[in-house]
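Common to both upcoming complexes is chain A, partnered first by chain B, then by chain C.
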Partner chain A sequence: QHGRVKIKSTAQQEEEKRKEREKKLKIYIAARDACFSKRKEGICDDEALQLTQQLLSSNPDFATLWNYRREILMHLEDEVQKIYEAELSFLESCLKVNPKSYGSWHHRGWVSARLPQPDWARELSLCDRCLSLDDRNFHCWDYRRMVVKMSGVPVDQELGFTDHLIGSNFSNYSSWHYRSTLLPLLHPESPEPLCLSEYELVQNAFFTDPNDQSAWFYYRWLLGRGITKLVTCGALFLSLVFQAQSVGLLLVLDGQPQRVEWRSVHPRFKHSPVWICDLPPGTISDITNEHNLTVHWTEKHTHRDCALYTGRTESYCRDSATDQELFRSELSVEKTSVLQSELQSCNQLQELEPLNKWCLLTIILLMRALDPLGYEKETLAHFQTLKEVDSMRSAYYSDLCSKFMIENTILKMEYAEVRVFSISDKNLTTLCHLDQLLLVTHINLSSNQLQRLPPQFAMLQCLEVLEADNNNIENLEGLFCLSKLEEINLKNNNISTLADLQPLASCPKIKRLDLRGNPVTQMAKIEAELAELLPSVTDILL
Partner chain B sequence: MAAEDLPSEFDVVILGTGLAESVVAAACSRVGQRVLHLDRNSYYAANWASFTFNGLLTWIQQHHEESQPEEVQDWSSLLEEGEELIYLSYSDSTSISNLQQTADSEGVEPTADLPRPSAIQGQSEASRKKISYAQLVKEGRQFNIDLVSKLMFSRGSLVDLLIKSNVSRYAEFKNVTRILTYRHGNVEQVPCSRADVFASRQLSVVEKRKLMRFLTSCLEETEEQQGEMNIVFSLFLCDQQLGDNLEHFLLHSIAMVTEDTPTEVGLASTRHFLRCLGRYGNTPFLFPVYGLGEIPQCFCRMSAVFGGVYCLRHSVRCLLVDKDNRCKAVIDSRGQRISCSHFVVDSSFSLMNFVSSCLPPQVSMVTVPPIAAGFPVVMMVELCSSTMTCLPGTYLVHLTCQSVGSAFDDLSPVVTKMFHTPETDDQETRPSVLWCLYFNMADGLDVEVEGHNLPSNVYLCSGPDGHLGHDHAIRQAQLIFQKILPEEDFCPPAPNPEDVLYDGESLLPTGGGGGDNSGWGEKGEETKENPQTEE
Partner chain C sequence: GKVCDDEFEEFEPLDFLRDRHVRFFQRTLQVLPERYASLETTRLTIIFFALSGLDVLDALDVIDRNTMIEWIYSLQVLPTDDQSNISRCGFRGSSHIGIPYSTKGPGVLHPYDSGHVAMTYTGLCSLLILGDNLSRVNKQACLAGLRALQLEDGSFYAVPEGSENDIRFIYCAASICYMLDDWSGMDIQKAIEYIRGSLSYDNGFGQGAGRESHGGWTYCAIASLCLMGRLEEALSRRELDRIRRWCIMRQQSGFHGRPNKPVDTCYSFWVGATLELLDVFQYTNFDKNRSFILSTQDRLVGGFAKWPDSHPDPLHAYLGLCGLSLIGEPSLRKVHPALNITQRAFQHLQQLQQAWKDSTGSCSRQH
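And now, the complex of A and B:
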């Protein structure tokens, strides 16, 4: 048509592009081969420098060439400053080709570190430019940290830098995380006045966008500062059970070191909070006398004393930790008031956004930190909502809720020496903190949603009666070597094969076993098989 | 340009180089139509133009002078069998009225105070130096003062068209950096993007949550909103229990509508604003460097690259219409008959008034709600010198509103509130006005493309409308293009210069141009510059 501009067809354009590419590839391959052969011969000259530069500027991810380049640079001795500076500006062009090139950033770090008169301000501004283009470029973050360290940028200035980045985009884990490394440097003692402005900052973020995870994670870190859980270290004697972190234990009985074998409660555990040993036969023959036992923990240079009083077969001692401190640390008055006001803010947000999972979870954690028993009802209600709004993670919430329920039940036990532990009908999906229940003789877990008795269950060395009716238990691994266990109630569970009952054979005293309502009872000749597996049992309900 | 005769035959003749006309010109040339594009002024872009300070003074001068009635000539010798003459009469002067400069410009070199670094927020007073009127005139070339104040919505139809057609390569743009509003006697920042809301100091965290939630729900078009359609937007906002702060921001600065706008319109407008956020920055607006007058010129340039013929200071006197009421040809201001299949003309029919005034002072957009009952909503755009529209150290401020009375009556109360003028005697921190011009311009919003008892192949382009964006003009251009060439693609992407095939067999630079080698037709030459382009 008249006047219409004629344009090359797509095929023409592609043909041209293809030819262009072919030509480029030819040059590239020739240069590469030249480089390799030069390196083989150990030549470190200007030409090699130029060849590698030519290749790297089109493909900055060629690690071998960077290595060769470093070899050449180390070889050069004259005008180091000038050559290295040229190297830096060459690297800049490589970073433009690929801002996430491992090779380029690593090389830049190497060059900067060797530069006789480094210009750190320039490097910082380069990082700023890169981060303004992509605030999550972790290569740049890494390099920046190196620059900051080498040039000694003051911490408060760096904090200001994160202020700036968070201000332009607060969905940025890198900036928040950097902040969490800077704050403790600036204020090692977690001073509340500073934290207040910090709380304000992060609140602004999660009120603006409550679905953004980065702020919530930072918030949890901030709240968690100074709430580290205490590790309690109790000791319990019996046939001899000691609660400790690891092996390296030495037993002294009435002043006499004893040669004993320590073992964990289950062969699966190499690390365990509970260790058992058998006393050599005859070491305590007369229980009419008082005996003093000491366990030395050689690794940590600590020891624990315990007395077995006249006429007793058991004794117990534990750290002086109060019940309140079992699962959380004591809060200072200031910390408590901060947490209270944070809880208020979160509740305010929850009113506006009743279905926000991050807010609900944070509220639960705050309530746990402040008053686990007082807030139990609210906590349970929030867990219910959480499971509904975030059904993908409902199992996680169930497990977390189980943990909190068990903690609360333990807190409610009036004395540590209470021997009966009952936690039925609480929707438990998992068992934990079993190391707190070493003395329990009677445990009631009925009507929960447990699927298994985990190996840790073997810590309940005093257990005589187990009630676990109406669960979904299909695995009894934890019923291992429980030497005092006599009665097991497993009505209406999900035990389906004889092999599942195999662990019970390691418990010598079992007399009564209730298996009604389990699939295993439908097996042929089940009675005969059970009689063979568990000869001690006199009373089996099928 | 040269006094040679124009070719006597074109497909489309376009009179006026306003935005819509220029887009039509580019679109037609791009698909191979022979386009003749004329403008009776010596500058491009008609009422969309940007002027240097001196250029603006000349423009004022012209509008103060009485327009001389054109002598009616007898063109009957050029008529063919069965044709009729329709004279085109221009009423351009009626589209601009109520011109008024402030006293400063009249004075003999008065030394005006200089605006602060950021005029609107009236920050530091450190860099106070004197700029005289004479200096303004002397440095006048550093100004590019728009007649119409508009901003480009970053997802509006203009930006989409610039990108689609590759015309964007002819211009540079800057982001508007902040959205402000005038409230309780103060200028406040309007938090609109996520980062703004996060950083805002004037909002409580609860307000932040409410605002973000409202904005997010706006984007989603929920059913709940559908139920509320029968009330006005301000009441709808009230029902959302957002609080005064947020209602003000949403109504005036984000939706940019009035109290009695229907909810549907308010929500659509809010949605548009939000969708434009984040494409190029934290505000939804772009501004072309060197002023808005650049945009029509960019389209003209595209047209010229594809063979469009350009001629300024050149007009059309009359149309030659056949018995079927179709325009067969035009007679230009030199008495030449030029046949054409379509004729597009800028309308000079004034229907409503809207006002723009200029004041010398970051790129900010400020919404000013009615300062009292009966006053209009004023849209204010403050341009810094990096937009290449004013002298370094000064700011260019445009105030625009739907006029109620004359420009001076409508706008001067706002000016007095926000700036230091000779009328305000208090020497406080507000920025000073160096020079100020008020005028009314006809609103082109209600001009229809066809009708008006015009021949069926003659189309009207309206002048600038009172809205902030450019949608109206672009829509109009598209409509006209579709009427002229219903089968053709509207502004398809222009090819890269290296992909253009030059006619190897022809040695003539304008090969294929019908033997016309007069230099009018420029084809495929990237180097073509618009004569009007500064620098």
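And now, the complex of A and C:
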């Protein structure tokens, strides 16, 4: 149902229209009935073609009639070329009336493919004309792609076609899209020289009109080309907790395979990167001897080893976060220099157009790719501007910024203490990458804007102390079966019912709970209720 | 310079005219203007828009349910006695082929009578909305008809005689299997491959491989994967984040379906529901979305149009309501974002499916 603009008309015009419609209706019904009775009798002749033509001219979406026409055309033996060409001519008139009819385009594709002597140049020219009227008509683009494929038009010729379209109008999103499919065909490995001229083309586009999305989306894709993504596999052991994408894990203890059940950290969290198993009782009873554990991840043909040393109660094996390039991709020297020069260009544009959101977003992404820690301050400043300039999406940007700050904090952990995670007063609106915090014993999330500790939070299996004061937390789902958790600080949050505190009952070692400044403290008999819910917590502050 | 549009915005009445919309859908179910003639072959989809629209408005009491249910069953293409047409079963769009009216089997053999995947989908939805228990649906025939439509590449035709094939019909197929609680109607793995192949360089989905990203096809992709229960298996976390980004950039005031296209009411649902399924709808701006949708509301005849100052039509009227429902418009029922029916109708489906499970359980116990 395509948009039709309202036009007012007089009563007389209305009456004339009505008479016209009645006349058309009579003709339509007569033609339809004649058509079907012919088909019923199995007649495939010229008159049938005439009748269906009449009907399809006014209703090109009557799919059954196209099918009937195809039947008729397949039965023909003489003058096939001439009749098929007449068909193409008929289709052109249909397309003039409705250039977005699935039935018409599909039929044209069928006819063109079966024409004894096809004229692909004419088909391309039809596409040109159609696109000049509406360059976003995807039916036409799809048809053009078919014609190109059938007639073997060389890729560089089609690239030239997109050059021409983009050259006359940078805002041609469908052309950029088409280009994105052609470029990989021509240069599958994207050697640098080609990319540079492509970058120039795109830069011209967004320098000319920085507010047009087309070039920016294409640019983002272009920047990402030719970067190899590493598959990360961080394996962390602790009380036998393994980080993997799926459960295909085999545990071997001191050379003996163990029969264990792996479970996700939270029942609501089915696709977990972290899996836990409990060893059968008595398997490691003797901590005065060294034990060797290996976990095999069969699907990825890899494994990690860990030794539990004499007298120790925990052990772990961990891949370095920076070595793994966890949050960004590995860049070659050439790629780095290309991205740096792109960043320079974008910065230039940003000086001319300080409120352009696409520019700001691209700069942020380039900085993340090049040096997330080095550019941290600038990134935060740009996010501030971005949220003001594109306020409709400010919540999305806040989350994106939270993610980047968490990534930076994780990267910094490499150079400091790997068991303490401190990210307070950073305007965090969401938590992520919690699978990287498996080893953390102390976490400080205070003075942010968090609303919940989601099920994924249960991945912090080693957590002993949680500082989360001064947030807006109302949901504690993620504090589930955290067997080492002893201290919880939730001062000045939004915990309002006893039910909100239910998950804490699953954590056996909690000794101290600070709930001051939460609405729940105003509840009647709150001390008694808490004593019943959490009997082993000795120190509750209300 | 900084754009400050708040001061200069024209005063647009932002009240939601519920009664007008009820009457709009009532009229849709009676007689349509002449310009809709070309939609005769897809009439059942128009009925679905009206019925589901009335459901969202909590106004189903204005129609005669039983008559409607009978009419829908008359559109079922049933198997003939010898089952020779079993691969062509399903529901047809209307009576335009000329099969004599009948709500019971056996089927009548006709060279051009076959189900249409979108009609089977909207037919089943409509029956559920009307409270029917689907007992007269020949489920095995529908599923056989569905299997016959899937191609090697995982996509579906609309009709067994052939038609264009793309991601829209995968969505219809997935919905049908979901409602009938029977995935033997399709090869899920192949469908997933086709869907993945439709992911474009800019992280939206096209109608198929190599085709331009579009809000409608992105909805079909994500909703299908959700109905199959395979969203996180089929797409990595990185891919999902990128898809979220493409989708969230579609909001301009309301939503558009592709970059540099004007905003259009129906995308408030297609893109809105996709964002809801991806858990990020709460990051969109509800006020601007609502203002746009209501600017396309027809204050005289009811319904919504795709743009302001245009004629309303059943599709945009229905999807406009769904768009408003997503942002929590008070008088509207909640909509199931993947199946595109109300949560109320969805609960009815769940009860039916439980009853089906229970009865097969008791059957096996008896043996």
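The rule we apply is simple: the second predicted complex is superposed on the first by the 488 of 542 C-alpha atoms of A that agree within 3 Å, B and C clash if a C-alpha of one lies under 4 Å from a C-alpha of the other, contacts with A are read in each partner's own complex, and residues count from 1 in each chain.
Keep this in mind: contacts are C-beta pairs under 8 Å (C-beta built on N, C-alpha and C of every residue); 3 or more make two chains touch, one makes a residue touch a chain.
For clarity, every value in this text was computed on a predicted model and none was experimentally measured.
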item: Chain B versus chain C as contact partner of A:Y173, first or second or both or neither; value: second
item: Chain B versus chain C as contact partner of A:F217, first or second or both or neither; value: second
item: First, second, both or neither for A:M392, with chain B first and chain C second; value: second
item: Touched partner set for A:L373, first chain B, second chain C, both or neither; value: neither
item: First (chain B), second (chain C), both or neither touched by A:L196; value: neither
item: First, second, both or neither for A:A499, with chain B first and chain C second; value: neither
item: Touch count on chain A, higher of chain B and chain C; value: C
item: Partner chain(s) touched by A:L133 [first = chain B, second = chain C, both, neither]; value: neither
item: Those residues of chain A which chain B touches in one complex and chain C touches in the other; value: 1-6
item: Chain A - residues contacting chain B, complex; value: 1-8, 13, 167-170, 203-205, 207-210, 345, 348-349, 352-353
item: Of chain A, residues touching chain C in the complex; value: 1-6, 21, 25, 28, 36, 39, 58-64, 67-68, 102, 105-106, 136, 138, 141-142, 145, 171, 173-174, 177, 180-181, 212-214, 217-218, 220-221, 270-271, 355, 391-393, 395-396, 399
item: Contact footprint of chain A on chain C as seen in their complex; value: 2, 34-35, 37-42, 96-98, 111-112, 158-159, 161-164, 200-202, 207, 210-214, 232-233, 248-249, 251, 258-261, 264, 280, 282-285, 288, 305-307, 309-311, 313-316
item: Chain A contact footprint on chain B (complex, rising order); value: 29, 31-34, 194-195, 197-199, 205-206, 208-210, 212-213, 306-307, 495, 499-501, 503, 512-514, 523-524
